[in-house]
Amino acid sequence: MKPGTSLIAAALALICLLALPYVFTQGFALSLLCQMGIATIFALSYNMLLGQTGLLSFGHAVYFGLGAFCAMHVLRWAGGTGIGGAWAVVLLPLIGGLGGLLAGLILGVVTTRRAGTIFAMISLGVGEMVASIAPMFPALFGGEAGLSANRVFGAPLFGITFGPQRQVYFLIVAWALVAAWGMRALTRTPLGRMANAVRDNPERAQFVGYNPQMVRLLMLALSGFFAGIAGGLSAINYEIVTGETLGANTSALVLLMAFIGGVGQFYGPIIGAVLVTFLQTALSQYTHAWLFYFGLFFLFMVLNAPGGIASLIQLHRDPWRQGLLRWIWPQYALAALPVALTLAGLIGVVELIYRIAGGVEAGETSWKLFGQAIDATRWQPWALALLLLAAGGAWLEKTWSGVAWQWQMVLLATARGNDR
Amino acid sequence: MQLRYGVAAFALTVGCFAGSAFAQPVKIAYIDPLSGAFANVGEAGAAQFQAVIDDINAKGGVLNGRKLELVKFDNKTSPQESLIQFNAVTDQGIRFITQGNGSSVAGVLIDAVNKWNERNPDKTVLFLNYAAVDPDFTNDKCSFWHFRFDANSDMKMQALTSFIAKKPSIKKVYLFNQDYQFGKQVSKAANDMLGKKRPDIKIVGDEFIPLGKVKDFAPYVAKIKAAGADTIITGNWGNDLSLFVKAAREAGLKSDFYTYYGGGLGTPAALGAAAEGNVKQITEWHMNIPGTKVEQFAVDFKKKHKIEFYYGRVNVEMRMLAAAMNSAGSDNPAKVAQALEGMFLSTEIGDVEMRKDDHQLMQNLYISTFTKADGKSVKYDVEDTGFGFKTDIELQRKDTMLPTTCKMKRPV
Amino acid sequence: MEFFLVSLLNGVSYGLLLFMLSSGLTLIFSMLGVLNFAHASFYMLGAYFGYQVSRAVGFWPALIVAPLLVGAIGAAVERYGLRRVHRFGHVPELLFTFGLAYLIEEVVHLIWGRIAVDYRIPPSLDFFAFEIFESQYPAYRVFMMAVSIAMLGGLYWMLTRTRIGLIIRAALTHADMVQALGHNVPRVFMLVFGSGCALAALAGVIGGNAFVTEPAMAAAVGSIVFVVIVVGGLGSLAGAFIASLAIGIIQTFAVALDWSLLDTFRDLGWNGDVALSIGAIKLSQFAPVLPYVLMVLILIFRPRGLLGRRDT
Amino acid sequence: MSTSPVLPPALRLADVHKSFGKTAIIRGVDLDLIEGERHALIGPNGAGKSTLFNLISGRLHATAGTIQLRGADITRATPQAINRMGLARSFQVTNLFHRMTVFENLRCGALWSRGVGYTFWRRVDTLREANARADEVLEAIGLTRRRAVVAGELTYAEQRALEIGVTIACGAGVILLDEPTAGMSRSESDAAVALIKKVTIGKTLILVEHDMDVVFGIADRVSVLVYGEVIATGTPDAIHANIRVQEAYLGTDLAKGIDKELTGA
């Protein structure tokens, strides 16, 4: 990309970000956008570990949560004394970041002694430890109710009080841009490069003079810093932080975001954060089985696209530039119908099972679809769903081989194009 | 001419709007977990609300024929997610919300409702709390926009300790609670109240366990046995209760268990025979109270949904809301709230009164014991275990009340 | 003394149950180099299958059938899932098992619902085995210990007397070598994975009714099992054994102690606010967190674990 | 004598032992490397050459004895510390940062020695010295055209060249090369020898090698390691003629095979 085009793209993206809250004016959409912004920072910080340093963490929520609690304590203190007003709110995420940084430094000394699988286990254990200890100190973590505060206090900043959600949105966008820029810049520093080196080959990194443990520790601490910024923003956004923020669910969620988005590309986790946040809020309004679909989707990605969505985009990029994608579109179009049929069958079966099994305790065995009542206790819907699944699946398998074959052609042609 | 047409059109439009407003249902937002680990609890609650609402609608609805409508919002038991869902609620113009699972969520919602109503005085929202029992909500944190239909944890302890005080056989009490706010409140209340009512009772243990983390309760049971406790008071719920009782049974511990949530969803099934005769619960209602009008309703509910109807207070809450709307002649939350304050109502589970000072419902409470169902005094079993609850004592509502520190701020 | 003995027995029986889980995990890890995140999920499946089968044909057949079924599922998971994802490297493998754990939990929700199922101790074992002074000790706990020890013996026999055992033992000490060799013995991999899962399921069958059978049981025990194998030393069965017992016993006895830092602070004459809020925590309150603390301490002072030989 | 300043040897191994459990792999090795010499280590498979390299470079720690780098004790030092003191090594099995480009690999090799450390407040592209050094090495190992290719996608010979490049990028004075030409064709290994000679001018070099042509092409001195002991050290010609060496090899069947290998048959 020429520098000119990337500048235009950046400007367009910025305009979109600023225009969004005026397009989606509803409170729900706005809070979803805010959540996505926070998730983006969090997922990017996670990828500093997984994508860049090769550390699979199951306890990243600790840094997010501790950052959030630090920010919350300062917010309560500032709110009580009125110090700083809106300025304090603007700078609060930095406090969260420092909290995350400190936590990362302290816990990192223990966890980064080992890498790979062991690190994964230890991060899980340490995360579990912090999450279980937190409720024992209500003075620090607020117990079950968590800690809450009012973000509106003191003097406004150019008329901004951070009362309205839209103002908070802009604050989140600003911090997200700064944090993303910071994390992107970090990948281009000596430490960032050595993190990649340690990811690829920790032993060799030793033999070029670097201590892999130190590299991991610093990366963990810095990643904790950015996670803490996200935590601080979440403290401002929700005006509450609870102990469960530290827990396994938050850690698993950020892992899902980063992985589904793609850990191999810098922008991958951004896609993941936006998508997963949207899905978990939106999907749950349509089906009780959303966690099941979610798990299925995740496993599908692990088995078929371990590089996440970003890797799929990356895959299409070169052929697209060379105008070779037109070879693929017809194949995709052919596969679209069987994909849709298979999915419909799968969803049908899952929903039917949910209706008759213990999953939905409310015990409603029928639901309405296109104005038609479907009763899971009768055999017809089952037959239809299973038929769709089987026939769609068989058809898909056939058409997919066409897609795969066409791809091989495209890749060959792309490689030739690249050589030229 | 033109003008007259215009006026006519205007009148017609207004008429239509007014007419449709009458036909429109009054929506109540139900914000509780519908997915995740506690989805069953949320779903069960939703089903009970729906059943009561259906019943009210079938009998003519509210405000001369308008229907009530339950709209479900999944908060995944997370305070943050609850705030997002609260946004969705206000987006849809819903003016009444109800929630019960988790005092953390309730606390957040009270804050959110207060802030919203302050910033949007023409679109106020009313919060009806059916199960979050933190005493603070009707004391220091009380709000004009919040009404609680469950007895708070201190009131329940008041009732439990009054009962214990009358049993001279009780000498040694062990307090066993989860290590979080609610558990600590239970422990504190028990210590204070027992100390006043029966100073001779020795509290031989005051244990806190991390919430949902203990897998093997045998060591705790061994400790309780060693302490020689004859009675255990516990605010534990879910597995922290059922595992505990099972371990006690396994080790042959014969103490009585005074619980808050012995009848909670799934707990009787997990307890089974292990709880027979020694697990007691405190509730505002249960199936084996003779003469309440809600009995047949609950039986029908169970037939249809295969789960127990156990929230007597859901029935109370919805009927009080309907009555308040009717007496206010409006679905404006501010007016409904005024009508609710101090309201007295004879409901299907008995007479109740909404205390004006703190918006805490006053209702009779029952202490009952998990007993083998015999078709007579224990007519119904719970969760098909063959065991049901049998009343030990009925406490009158005035005996359960505690003074409040609430200084209610009402909108002018 | 009575309390001490009862606690000791409780600790040992819990520790042995932990070992049943961690041994399978250790074997799988040593052979395949995969940390099976879903291991505890197979424990849960074992409990649910045990419940379902014992309702149909009784507890004793369930004790055999359920582990076999779960073992078969485990083998299928290895054959059609792990083996496919193996080419992508260790992190995707780990993520695969993570996703699997997630999915299994949802499937359990789907089939058995979210509340605990009524999985009871069989009447034939629901009595008191013996008396310690005045306390009666339940037979089922004794039975649990017996099964664990029998399994321990079986495992020992298999490792020392069979060909597969030889390969597995080689894998425990020279993982690289056997892994390089491993592509020639995929069936052994499948078998080990299946057996590991079956062991977990056996623990589920006997643990599910002693404790509780519900969808959160996997998550509850999963992290503890990881702690066990980190503390014991990765790839060391003996280490896992010691760590299991240690954690079982430490947790049991910590419960018994009402000692708190506050007492110490008072003895030292401190009475500050901070000391009060932090020091008031009793050791017994802290008990369930102790395994994690133990893990952190081990990592600081002996990073390779109690009996571990390998660094990573 | 005792008062005159004596330059310490580039590398000194004094009575170094290494055992794994009961098995002794290195059984008392004494070896002095003179500053600037090119030293080859030969011996049959299993003699302990790679183990000795691992001991020197800090990958393993000696059971007994001492290792000194220019007079400083490095017996118990970590690999990174040893590297920082001026010793670099390559690996028998290619051991690169396989997901990074050729240039990035070389730059990683150059970073520490250019005093960069764990810097995270400066862009790596602005570090002129390190970049210049990486490009210099890139050119020396003849991979300039492959600058932006990911290391994992290089041909085998190119990877071996990069392996040497990463090793020398830090500019260490003492360089350990572990079988730099293993698995190469004749012409490839000739090119490798030329490359090694070119890039190690003025450095102290010690290499493990089976290919006697390579050994004779590079080494000033040769040491023979058999069963964990150095049985002879001398010029290539002297070693070739050394009867004791012959004996050692001819003693067993195993040695015969190695002898063949050594003589290039």
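Chains here go by letter, A, B, C and D, matching the order in which they are written, and residues are numbered from 1 within each.
We take it that contacts are C-beta pairs under 8 Å (C-beta built on N, C-alpha and C of every residue); 3 or more make two chains touch, one makes a residue touch a chain.
Keep in mind the model is a prediction, meaning the values are calculated, not measured.
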| item | value |
| --- | --- |
| Winner on C-beta contact pairs when A-D is weighed against A-C | A-C |
| Core chain by centroid distance, with centroids computed from Cα atoms only | A |
| Distance from chain D to chain A - Cα centre to Cα centre, in angstrom | 45 |
| Interchain centroid distance [CA atoms averaged], chain A/chain C, Å | 31 |
| Between chain B and chain C, centroid-to-centroid distance (C-alpha), Å | 38 |
| Junction residues of chain A - those touching two or more other chains | 132, 136, 291, 361 |
| Residues within chain D bordering two or more other chains | none |
| Multi-chain contact sites of chain B, meaning residues that touch two or more partners | 39-40, 179, 210, 213 |
| Inter-chain touch pairs (all) | A-B, A-C, A-D, B-C |
| Of chain C, residues touching chain A in the complex | 29, 33-35, 81, 84-85, 88, 90-92, 94-96, 98-100, 102-103, 106-107, 109-115, 219, 223, 226-227, 229-230, 234, 277-278, 281, 285-286, 288-289, 292-293, 295-296, 299-300, 303, 311-312 |
| Chain A residues within the chain C interface of the complex | 50, 54, 56, 58, 110-111, 113-118, 120-122, 124-126, 128-129, 132-133, 136-137, 139-140, 248, 252, 255, 259, 289, 291-292, 294-296, 298-299, 302-303, 306, 350, 353-354, 357-359, 361 |
| Contact set on chain A toward chain D in their complex | 185-186, 188-194, 196-197, 199-201, 203-211, 214-215, 218, 222 |
| Residue numbers on chain C that touch chain B, as the complex places them | 2-3, 6-7, 10-11, 13-14, 109, 113-118, 120-121, 128, 135-138, 140-141, 210-212, 214-216, 220-221, 224, 251-253, 255-256, 282, 284-285, 287-289 |
| Contact set on chain B toward chain A in their complex | 34-36, 39-40, 43-44, 46-47, 50, 74, 76, 78-81, 83-84, 87-88, 90-91, 102-104, 107-108, 111, 115, 119, 134, 179-182, 184, 210-211, 213, 304-307 |
